[in-house]
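Below, chain A partners chain B and then partners chain C, in two separate complexes.
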Partner chain A sequence: MTSPLLDVRDLTVTINRDAGMVTALDKVSFHVNPGEVLGIVGESGAGKSITGAAIIDLLVPPLKRTGGTITLAGERLDTLSPKAMRAVRGGKIGFIFQDPMTSLNPVITIGRQLCDTIEAHLKIGGDRAKKKALEWIERVGLPNPDVQFKRYPHQLSGGMRQRIVIALALCANPALVIADEPTTALDVSVQAHILQLMRDLHRESRTSMMLITHDLGVIAKMADRVAVLYAGRVAEISLVGELFNAPKHPYTRGLIRATPMPSPDGNVRLDQIPGAMPGLGKTPPGCAFNPRCFKAEGDCCVTIPPLTARESAAFSCFHPLEKEVA
Partner chain B sequence: MTPLVSTPAARRSRFSNLRRAMLKAPGATLCALTIFAMFVYAFVVPLFSQNPFEFAGMSVLDSFIPPMWMTDGVPDFPLGTDDQGRNLFTAMAYGMRTSIIVGFLSVMIGLVLGGSLGLIAGFVGGKVDAFIMRLADVQLAYPALLLAMIIDGAARAALGAERSVTTAITIVVLSIGIAFWVQYARTIRSSVMIERDQDYVSAARITGRSNLSIIVLHILPNVMAPVLVIATINLGIAIITEATLSFLGIGIPVTSPSLGTLIRNGNNFLQSGEWWISVWPCLVLVLFVVSVNILGDHLRDVYNPRLKGRS
Partner chain C sequence: MSAQDFLTLTGVSKVYRRGQSLLERLKKTDAGGTKAVSDVSLMIRHGETVGLVGESGCGKSTLARLVSGLMAPTSGEIVFRKDKTGRTPRLQMIFQDPYSSLNGRWTIEDIIAEPIKVHKLRKGRAAIRARVDELLVQVGLSPADAEKYPQEFSGGQRQRICIARALAGEPEFLILDEPTSALDVSVQAQILNLLRDLQKNLHLTSLFITHNLSVVRIMADRIGVMYLGELVEEAPSEELFRRPRHPYTRLLIDAAPDMDTDDRSLHPIAGELPNPAFPPSGCRFHTRCPFAKDVCRSTAPPQKMTDAGGLYRCHFDLDLSNTSTVPALAKMKTA
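This part shows the complex of A and B:
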C-alpha cells in the first residue's frame, strides 16, 4: 500500500465553553490516499465540517484543536507555525465552500480573484496568470471567459459561482481538495452539473479529495471510500461499494435506510432512526449510538468501542452487522 | 446576457441611467447642483479677486456699504461691505473655501482614524475591541462640540500664543476630526464583524493572505458604503462645527475669513441695521449644509437595499 497523502490520527477538537470543555471531535482518525476521493458523511452536527476546518486550521474560537496529528505528504501540519501554515494552505490544499453566495468577495471581479490566487501560489506574472485564469473559467464550463473575467459575483447565478469557487480551489494545483458540502446550497439540477464537473476535473487531475456531505447520493456518485461520522467519532470507514452493500455499523445501515428510495412497487420506503443524535457534551457513556441502536447490549453502554480494522474496512462497534442483514 | 464591456452603447445607457436617477430624485439633484455651484463659487472667485482680509484688499472708506440693490449700494460690492470695507461677495468666497477645506479635511481625519480603529476592533475582537469601544463610549458622553473645544484649547495651550493661520486651521481640523471618529468606528466595526465570518474571508485566509491584506483588500471595500454616506452627512456637521468654533472665537482667527468668522464679525452690527454682514454668510452656510444633508439622506436611501422600491 502506498503511503497516504493525508493522514489524520486521533484528531480531537474541543469547544471551550463557560461551563467547561465540550468535545466536538473525539479521536477521529482517517487517511486519504493519493488520487482518492474520501467521502465524509454524517448528520448535521456530527463534526464533518469541523474536521475539514481543523485540517486547514480554520477553526474559530471557541473551537480549538487539542490533540492528534495531521500529516500531509509526510509533513506534520499540526506543529507548523501560522506563517508556515499559510504557505501550505492554498498551495497544497484547496477548499470548496458550501455556500457560493458568501465564498466570493462581492466587490472584486472573479477574474481578479482567480488571478490573485494563481499569482500567490504559482509565482507567475500578470499576463500568464490572466491566461491561466481564463483557461480555468473555460475549464469549469462557463461560456465566454473574457466576459466572465470582468464580472462581479452578483452577476453570476449560484451554479456559476460554485463553478468559480471550484476553479479557485483547484487553480493552484493543490495536492488535496477539501469540499465542504459543495452542492448543498444548489438546486438539484445544478447539483448534478457541479458533481459531474468535479468528477471530470478529478479524473483529469487525479487530485485527492475529501468530500464532506450529508447526501449519500453524492457519496455514491463521487467517493472511493467513505468515513461515517457520528457525534464527533468515526463510526465506520470502508470502500463505497462495501459500505452501501454491507454496512457493518448499525448507524450506517440506519443512515442508508433513511434515504428516500422508490421501491419497485411504487411506494417510497423511508425508515427513520429513532431518537436524535446526542447534542454536544451530552454524549452517553460507551458507544455514542447506543441509545438509538437496535443491537445495543450492556457493553455498549460502558466502554467506547475502538475503531477496529477488518479487511479494507474499519468500524467501531462491538456487534457489527453481518453481510446478509443489509 | 448583457455585455459588460464598455461599448459606446453601454456608455450611453450608463449616461441615461444617470439622467433617470436625476429625474427620479429632483430634490437631490437640485442639492447636488447647489453644492457644485458653491464649490465653483468658493474655488473660482478667489482666483480672480484679492483677499479682502489682506490690507491691499480693503479700504475703510468703503465700510458699511449696503447690497447693490439698496440705496447707497454700489455695483462693485454686490452684497455690500463690512465695517472694514471688505467686499462681502469675495470675502464669502474665501470664507467658504476655508470652511469647505476644513470640513473635508476633518471628515477625512475622522474617517481614517475612526475607520482604522473600527476595522481593528471588529477584526481582532476580544480585549482590543472592548478597549476601543469603551473609549468610544467615554467620548460619546461628551458633546462633540465641547470635545472639539477641549482639544482645540489643549492644542493652543501647548503651542502657545504664537501661531500662524495655518497652525490654527490645522488645530481646528484635528479637533473636529478627533471629535467625530466614534460614529465611523462603530459603523465600520459592526460591518466588519459581519464580513469577518464570511466564507470569502476564510477563502482568502486559506490562500495564504496575511491579516493586513485581508483587511485592506477584502474587508475594507465591503464595509465602505455606509461609512461614505455618514461621511457625506458629517461634512455638513463638520462645517457647522467649524463655523461654531470660529463664531465663538476659538476656531479660525478673525484675521482670516471663514463662514464662522464672517458671521461673528457681522453679529456685532446686526442690531445697528447693517444686517447684510452676517445674514449672507448665514444663508450660504444654511444652504450648503442643508444641501449636503439632503444629498446624504438620498445616498443613504440609495445604498440601503431595504428601502429600495419603497416610497
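This part shows the complex of A and C:
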C-alpha cells in the first residue's frame, strides 16, 4: 500500500465564544492517496468547508484549530510558520472556491492574476510566466487566450470565471487541489462542463483532489472515495460504488434516499430524514445523529461511536446497516 | 376558455427596457431592451400543478411575477377564471429564500395572521389565533411556536412558516418560486413531501418554478421547459422525461449528474447560455443544438402539438427517448 499524500488525524476545530468553546470539527480523520479524488459530502453546517479551510490554515477567527495533525507528503502542515504556509497555499495545495466572482480580484486582469501566481510559486518571470499563463487559459478551454489575457473578471461569464479559478489553482503544479463546492453557483449545463474540465485536467496531471460538495450526483460522477460528514464528525468513509450501493451509516442512506433522483425505471421516491442537523454547540450526547436515526438504541445516546474500519470502508456507528438484498 | 381552465396565458411577453438617453427620448427611437419572457402561452387546469424549469436567465421567475400580478406584461394577456360571483381566485406566493422573506421583528403569529386580517377571513382575535395554531400544526410546527421570532428557526422550519403564511390566505392558486433551493437535501425532502400532501388535501392549483428537474418531476403534473424567455416544450411530466421532443429538454435531463456510479460519463451542453438581451436569430437554441441545420439559424421554429397533449418548438420531429441518440458533444468547444 502506498503512503497517503495527505493524512489528516484527529483534526479538531473550535469556536471561541463568550459562552465558552464550541466544537465545529470533532476529531476528523481521513487521508487522500496520490492521484485520488476524495469526495467530502454533508449538509450545510456539517463542517465540510471548515475541513478544507483548516488544511490550508485559512480559518477565520473565532474558528481555531485546536488539535490534530495534518501531513502532506511527509511534511507536517499544522506546525508550519505562517510564512512557510503561504508558500504551500497556491503552491503545493491549490484551492478552488465556490463563488468565482469573489475569488478573483475584480480590478486586475485575469492574465495578471495568473502571472502573479506563476511568478510567485514557480519562480519564473516575465515572458516565460506570460507564456505559461496563456497556455493555461487555453488549457481550461477559453477561446482566444491573447484576448482573454487582458480581460477583467466582470467581462467573463460565470462558467468562464470558474475556468480561470481552476487555472489559478492548478498553474503552480500543486500536489493537492481542494475544490470547495466548485459548481454550486453554476447552472446545470455549465456545471457539467466544469466537472468535465476538472476530470480531464485531473487525468492529465494526476493531482490528488479533495472535492467538497453537498451534491451526491457530483460525488457519484467524480469521486474515487467519499467521506460523509455529519455535525463535525466523520460518519462514513468508503469507496464511491460501495457508498451508494451499500451504505453502512444510517445517515448516508438517509441522505441518498432524500435526494430527489429518478431511478432507471422512472419511479421517483423521496424518503425524508426527520428533524434537522443539530446547530453548533447543540450536538446531542453520544452519536450526533441519534435523534434522527431509526436504528438508535440506548448506547447511541451515551457514547460517541468510534470510526471503525471494516475492509475498505470505515464508519462510526454501533448499528451499521447490513447490505440489502435487492 | 373551457370549464376546466383555471389560468390561461396567451402570448405573454415582458420586455425590460433599458434607460433611454435624452437624445433617444427626443428622437422617440425605440430603445429596445431585454425580452425576458417572449410569447409564452400556457394553460393551467383546475387542481393541477404545472412546473417550469430552465437555467438562470430563462425568464421563469419573471413569468411568476407576471402571473402573480407583481408586474404587468408588455403584451399578451393573463386570465384567471372567475367564480360565479365574478371574483378572481385568491393567490399566494412562496419564495426561495426563507431568510429574507420573513420579517424578523414580527412574531410568527403576526406573520401568519396578516393574510387572515387583510382578507378578513376570520373575525375576532381568538378565532384568528385558533386559525394560526391550526396552520402551524398543518405544516408540522407546534402552536407554541407562534410566540417566537423567525430568527429562532432553522431554514427548513422557516420555509414551513412561509408555507403556513401562504395557506393562511386560503389561496386557490399557489406560486412557488424555487421553494427548496436554499435548503439542505434532507430538509428539502421534508418540505417537498409536505407540499405534496398539502396539494393533495387542499386541492390547490399551483405553478412550481425550479431549476432542478428531479424536483419538478416529483411535484408537477405537467412541465414547461423555458430557454431564453421562450417556452420550448411543454408536456405531461412522465411524457417529458420518457420522450422529450426538444433537444434542449433532452440535454438538460442528461446534464444533471445522477447517482449511478457505474456510468460516470458527464453530458455537458455545448457552448454557454447566450446573453438574453441579444438572443440568437431563428431558433434560440441553435447555437448549442447538436441537430442544428441551416433552417434553424434563419427561421424561428413553429409550435407543434403532440398526441399526448404536449407542445414543442422545433423544426424537426426528433426521437429523443434515449440518451445515446444525441451525438457526442465533447468535441465542440465552448464559445
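Note that the second predicted complex is superposed on the first by the 319 of 326 C-alpha atoms of A that agree within 3 Å, B and C clash if a C-alpha of one lies under 4 Å from a C-alpha of the other, contacts with A are read in each partner's own complex, and residues count from 1 in each chain.
The rule we apply is simple: a contact is a pair of C-beta atoms (placed from the backbone, for glycine too) under 8 Å apart; a residue touches a chain by one contact, two chains touch by 3 or more.
Keep in mind it's a predicted model, so treat the numbers as computed, not measured.
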Inquiry  = Following the superposition defined at the top, how do chain B and chain C come out on chain A, clash or fit?
reply    = fit
Ask   = Touching A:168 in the superposition: chain B (first), chain C (second), both, neither?
value = first
Task = Applying the touch criterion given at the start, work out whether A:95 contacts chain B, chain C, both or neither, answering first, second, both or neither.
result = first
Key: chain B versus chain C as contact partner of A:295, first or second or both or neither   = neither
Ask   = First (chain B), second (chain C), both or neither: which does A:31 touch?
value = neither
Ask   = Hey, is it chain B or chain C that touches more of chain A?
value = C
Request  = Considering only touches as defined above, state whether A:151 meets chain B (first), chain C (second), both or neither.
outcome  = first
Inquiry  = Taking the superposition on A as described, I'd like to know which of chain B and chain C A:86 touches: first, second, both or neither.
reply    = first
Request  = Between the centres of chain B and chain C, viewed from chain A's Cα centre, what angle do you get? Round it to the nearest 10 degrees, please.
outcome  = 80
Inquiry  = Let me test your reading of the model: by the given contact rule, A:108 touches which partner, first (chain B), second (chain C), both or neither?
reply    = first
Message = Is A:159 touching anything from chain B or chain C once the two structures are fitted on A? First, second, both or neither.
response = second
Task = Using the superposition on chain A described above, determine whether A:221 touches chain B (first), chain C (second), both, or neither.
result = second
Task = Please provide the least distance in Å between a C-alpha atom of chain B and a C-alpha atom of chain C in the combined superposition.
result = 6
Message = Using the touch definition from the top, list the residues of chain A that touch chain C in their complex.
response = 43-44, 141-143, 157, 159-160, 187-193, 195-196, 199, 214-218, 220-222, 240-241, 244-245, 254-256, 258-262, 264, 266, 268, 270-274, 276-277, 279
Request  = State the interface residues of chain C toward chain A in the complex, per the touch definition above.
outcome  = 55-56, 154, 156-157, 184-190, 192-193, 211-215, 217-218, 238, 241-242, 251-252, 255-262, 264, 266-269, 272-273, 330, 333-335
Ask   = In the complex formed with chain A, which residues of chain B make contact?
value = 1, 3-5, 197-200, 202-210, 217-218, 221-222
Query = Can you list the chain A residues touching chain B in their complex?
reply = 56, 58, 60, 86-87, 89-91, 93-95, 97-99, 102-108, 116-117, 120-121, 144, 147, 150-151, 155, 165, 168, 172
